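In what comes next, chain A is part of two complexes: it sits with chain B in the first one and with chain C in the second one.
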Partner chain A sequence: MMASGKQWLIRYRYWWLVLGITVLLPLMMRSGTLATEVLIYAMAAMACNLLLGYTGLLSFGQGIFFGLGSYAVGLALTRFGGLPMPVALLGAAVTGALAAGLVGWFSIRQRGTYFVMLTLAFAQMFYFIAYTAPGLTGGDNGLLDIPRPSIAIGGHALIDLTSSWGFYGFVAVLFLIVFALVLRVTESVLGRTLLAIRDNEERALAVGYNVRAFKLLAFVISGAVTGLAGALHAMLTGIAPLANIDYHASEMILIMTVIGGTSNIFASVLGAAFYVLLADWLSTLWPRWLMLLGFLLIAVSLFMQRGLWGLGASVATRLRGVRSAAATQEERA
Partner chain B sequence: MNVYLLQVINGVGIGMLYFLLAVGLSIVFGLLRFVNFAHGAFYALGAYLCFQALQFGLNFWAALVLAPVLIGALAWLTEKVMLRYVYAQPHEFHILITVGLALAIQELIIVGWGPLGVDVPPPDVLQGVVMWGDFVYPKYRLFVIGFTALLAMALWWLLEGTRIGSAVRAGSESTEMVSLLGINVFRLFSLMFALGAGTAAIAGVLAAPIRGAEPFMGVEALGVAFIVVVVGGMGSFAGALVGGLLVGVVQSLMSTLWPEGARLMIYVAMAAVLLLRPHGLLGRG
Partner chain C sequence: MTTPILEATGVVKQYGKFMALGGVDLRVMPGTIHSVIGPNGAGKTTLFHMLTGTRPVSAGRIVFEGKDVTAESDYQRVQRGIARSFQVTSLFPNLSVRENLRLAALGTSPRRAMSGWRLPTGELACTEVVDQVLDRLELSHVANAAAGVLSHGQQRRLEVGMALAARPRAVFLDEPTSGMGVDDLGAMKRLIRGLVQDHTVVLIEHNMDIVMDISDTITVMQQGKVLMEGAPAHVRGDPRVRAAYLGNMITGGKA
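And then the complex of A and B:
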């Protein structure tokens, strides 16, 4: 029976890790806002990883969907007489998906570096659109005073989200749902097909897959999740600033994803947690902490190409190797 | 004088700067399929070195020579000590390492010169305007057009008329074939990387009296350079020229018609070109 218990542990390993993180964050941290931010960026990084790690598409435009999600939820909650929150969040996800469909449709016509440059150009384009439409986006100031309505059924408030830990709980539930969905996608036939495209596009094409349609689908899923993350971020901070749709938003999401590692979805959660917590700590030490981040990126690309997850995995293998070597020595003795 | 004619000339000036910005990126990419996200940072650093040279009491002309030499040397060094170790990796690591480098340079600029922008005056000789009949135009902007045109010709000669140039062009067709012929491709690449950074620095120095220098100008420039190479066709000298001029003129004309949307329109132009010609105007299919 021990063996099946262990199998169970291994089979659902990502689930244990994710549940562990959502439970540990409130126990270890004093700031609910920071803990919530970790989960929000973890969603965005997972969505980025779905493209980078599973489809082989390096998108420099994730900030587009993040920012549009922020604007969508801001508009939905402050204008139109204040739509119900679930509708607003759904709207943000749909906005992200539509934008991803549009950007993806253009960008996947190109491959490799061309594709990366196109997504970056689109990121700049959407930034200027947001900048030139202050009626919708508030321009430089962003959308202000975005509320965090309670979850209510029939006018009775059930759960209050105004406290930072209350909101954390809400985001944690959404995070687990999104994690389940993304994990399901990666383990499904769709996920395997995306991997096949990543590994060898010509082969996938030759076998008869509609490579473009699959890439576009991956983009749309990624855009929806990123849009939702952006919406939650706007609700967390109460504003939808221009910074959420900026080049640096795209850059940040990509950096989290690469630092975590692209071999599995949980690595992105790790990357987001590492980035958010490191940024929070470093920025109190030195306002120019981004310079250290720059050096960190150089170091990661030179020495730690499989990310934090890869680092952990190789350390674990080495430890196991040492232990089994010690065991054989004992046996010999 | 016709306002549109004026804007077209302005556009040619800006476009030549964009060409200078994009051509280095394009050559470096052509040779080793290496995309340099730190290219904009070299441009920003060029503008700041121009400012610093004037602070030290040197003149603009000294800056125009010193900045590309210093930044070319810096680029050569970074290529030697770190960039070449990721060539064999997938392209996300090329991007990641140069993004890191760009971030580090941007923050170094803020540490050195502060987060706010600085103004750079044009050199004394080039202050004021020229007048031919009813044609009135700032001297400095005319100088930029003339100077960049000369540089473009020099670069064209370097690529088309010299041994190094033919190695570069052959290298962008097939790196392996060129190394089989006994040419040290890595040395060639170091050289071209330094040259690319140097041309970006010259663009920065020339742009400084027009638009000042600020720490985040590099990101904007990188975006523009990408558009130029996407529009013109990657790895093509003529493509960078055509793309740069097109983007400059579109931006300039739109700034009369719709000032808020001028920069937005260059992205629309890019999308239009890509729909019609996915590999850029002069790109090889």
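And then the complex of A and C:
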């Protein structure tokens, strides 16, 4: 049975929206670097949302996976004779997944406040490990001169990634694939079970689910995606700085996720785009722009807890309400 | 004499210095409704927590269908055929009634729920079991409503349904009628009585009308111990039970 065109549009609505954003960004923006940054943080935010929105886990560990992804790709491309880039990116994702497995394995033993404190403790620990291991991480300076090798088959360079828009295209393709995969996870039996765990952990246990195993799996997936995002960020800027594994990286990813809204993963893309673009704009206006961001976060927490997505959705509902009210008025007249 | 489906021996539960259960023995026969009654604080719910694995025992042994399950936790015992409802309604309030039951049905093969690729359609929708349970609960008409918006009586029925969807061999119902209005009691009584065709039922219940009417065996608990056990008529006439209840609660039901 063929689905009609409209059903197709609705069934894949988030995917169409994301495709629209990746096409629109180059048309509307002058800086390829900034556009790429939007997509990279969108990946990190949707991975965060898988934990926060779908599993109910507020993790301050996202910066760990982001930073380790940066280091992993930096090391893979600058040492070991420079591994092929796909291998380096895969390595970064695996590194993120492994770190998330470790952090998750310990943290999910606790719930609520203690879970949050454990992820925070790990974030601090990994930061200082990175700081005190300059041989691997470059310490305070970070790993420098990370290249952006061209995509080549058999020695023939196919796509050049050195230009900022060339790299954008490459990241956009990866982003679309990752988005489709994460979206699938959220709609799968796994995603639905995670939602149940978020709703009522006791009940999930009582009907037969090993809640810890499910949370760990969510952590590992989130870590892999965040690691990949960190790797792409390092390739974008050419460095893997200490800042990428800092607690502030976790904080920033969390803020993007919360601003976007946690009801679906497209909201995280919105949140990341909003944050990155707003930060870029505000920082040209006022060096103390982070303060304005603070006000924004207060406003979101107080008045629009469903985030930008929720705001958009309620505006749409109201418009539709006005329109249908107008329609009934006409009918009456 | 048939062997019991569940046999608990010397079950002790201590919370710090407080002895919630002081060595309880319980034998539940297959295909029966076995009620556990007793005044508030007698340890009925604690005993349920021990039997279903919601909390670990401090001492004692629990054997289900010949297997020692004492060390297993609740989600593992579900795979053995044990399922429970809670005294305080415990549902997935933001998910639909159908989704609540689907999750409960798939809980017996939880590994299949670990796929991040397969959608909850086809076999994983568990349509047959879910529809059966919906029908039994008389909740088919609200299948797509969020569990959180149901009336209290409907939520209590769904709470029982969460246990049934696992198609357990023994179902543990912790005060299924708690907080229910008189109008809903009849439906719940019918529901529980119907369960025994397919399941062994272990029931905690305060409503003596229901307990006396549908139980095969009644265990009376007091202060963390078993006071006595027997058929309804026997329990009703026992002076110790009357004393434990101060003589004012065992009134309903036919003799």
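FYI, the second predicted complex is superposed on the first by the 329 of 333 C-alpha atoms of A that agree within 3 Å, B and C clash if a C-alpha of one lies under 4 Å from a C-alpha of the other, contacts with A are read in each partner's own complex, and residues count from 1 in each chain.
In this text, contacts are C-beta pairs under 8 Å (C-beta built on N, C-alpha and C of every residue); 3 or more make two chains touch, one makes a residue touch a chain.
The shown structure was predicted, so the numbers you read here are calculated from the model rather than taken from an experiment.
S.K.: Quick one: name whichever of chain B and chain C touches more residues of chain A.
M.R.: After superposition, B is the partner touching more of chain A.
S.K.: Check the residue A:R184 against both partner chains and state whether it touches chain B (first), chain C (second), both, or neither.
M.R.: Only chain C; A:R184 stays clear of chain B.
S.K.: Quick check for you: in the superposed arrangement, does A:R192 touch first (chain B), second (chain C), both or neither?
M.R.: second
S.K.: Between chain B and chain C, whom does A:T317 touch in the aligned arrangement: first, second, both, or neither?
M.R.: A:T317 contacts neither chain B nor chain C.
S.K.: Where does A:I129 make contact in the superposed view: on chain B (first), on chain C (second), on both, or on neither?
M.R.: Touch partner of A:I129: chain B, not chain C.
S.K.: Is A:S31 in contact with chain B, with chain C, with both, or with neither (first, second, both, neither)?
M.R.: After superposing on A, A:S31 lies clear of both chain B and chain C.
S.K.: Could you look at A:F214 and tell me whether it touches chain B, chain C, both or neither (first, second, both, neither)?
M.R.: It touches chain C, and chain B stays clear.
S.K.: Of the two partner chains, chain B (first) and chain C (second), which one does A:R203 touch, if any: first, second, both, or neither?
M.R.: The second partner, chain C, only.
S.K.: Need the overlap of the two footprints on chain A, from chain B and from chain C, as residue ranges.
M.R.: none
S.K.: Which residues of chain B touch chain A in their complex?
M.R.: Its residues touching chain A are 29, 33, 35, 82, 85-86, 89, 91-93, 95-97, 99-108, 110-111, 219-220, 222-223, 226-227, 229-230, 234, 260-261, 263-264, 267-268, 270-271, 274-275, 278.
S.K.: Which of the residues in chain C come into contact with chain A in the complex?
M.R.: It comes out as residues 52, 54, 73-75, 78-79, 83-84, 86, 90-95, 99, 103-104, 106-108, 110, 112-120, 124, 162, 165-166.
S.K.: Please give the residue numbers of chain A that touch chain C in the complex, ascending.
M.R.: 184-185, 187-193, 195-196, 199-200, 202-211, 213-214, 217, 221
S.K.: Considering the complex alone, what residue numbers of chain A touch chain B?
M.R.: Listed in rising order, the residues are 52, 58, 106, 109-110, 112-114, 116-118, 120-125, 128-129, 132, 247-248, 251, 255, 258, 288, 290-291, 293-298, 300-302, 305.
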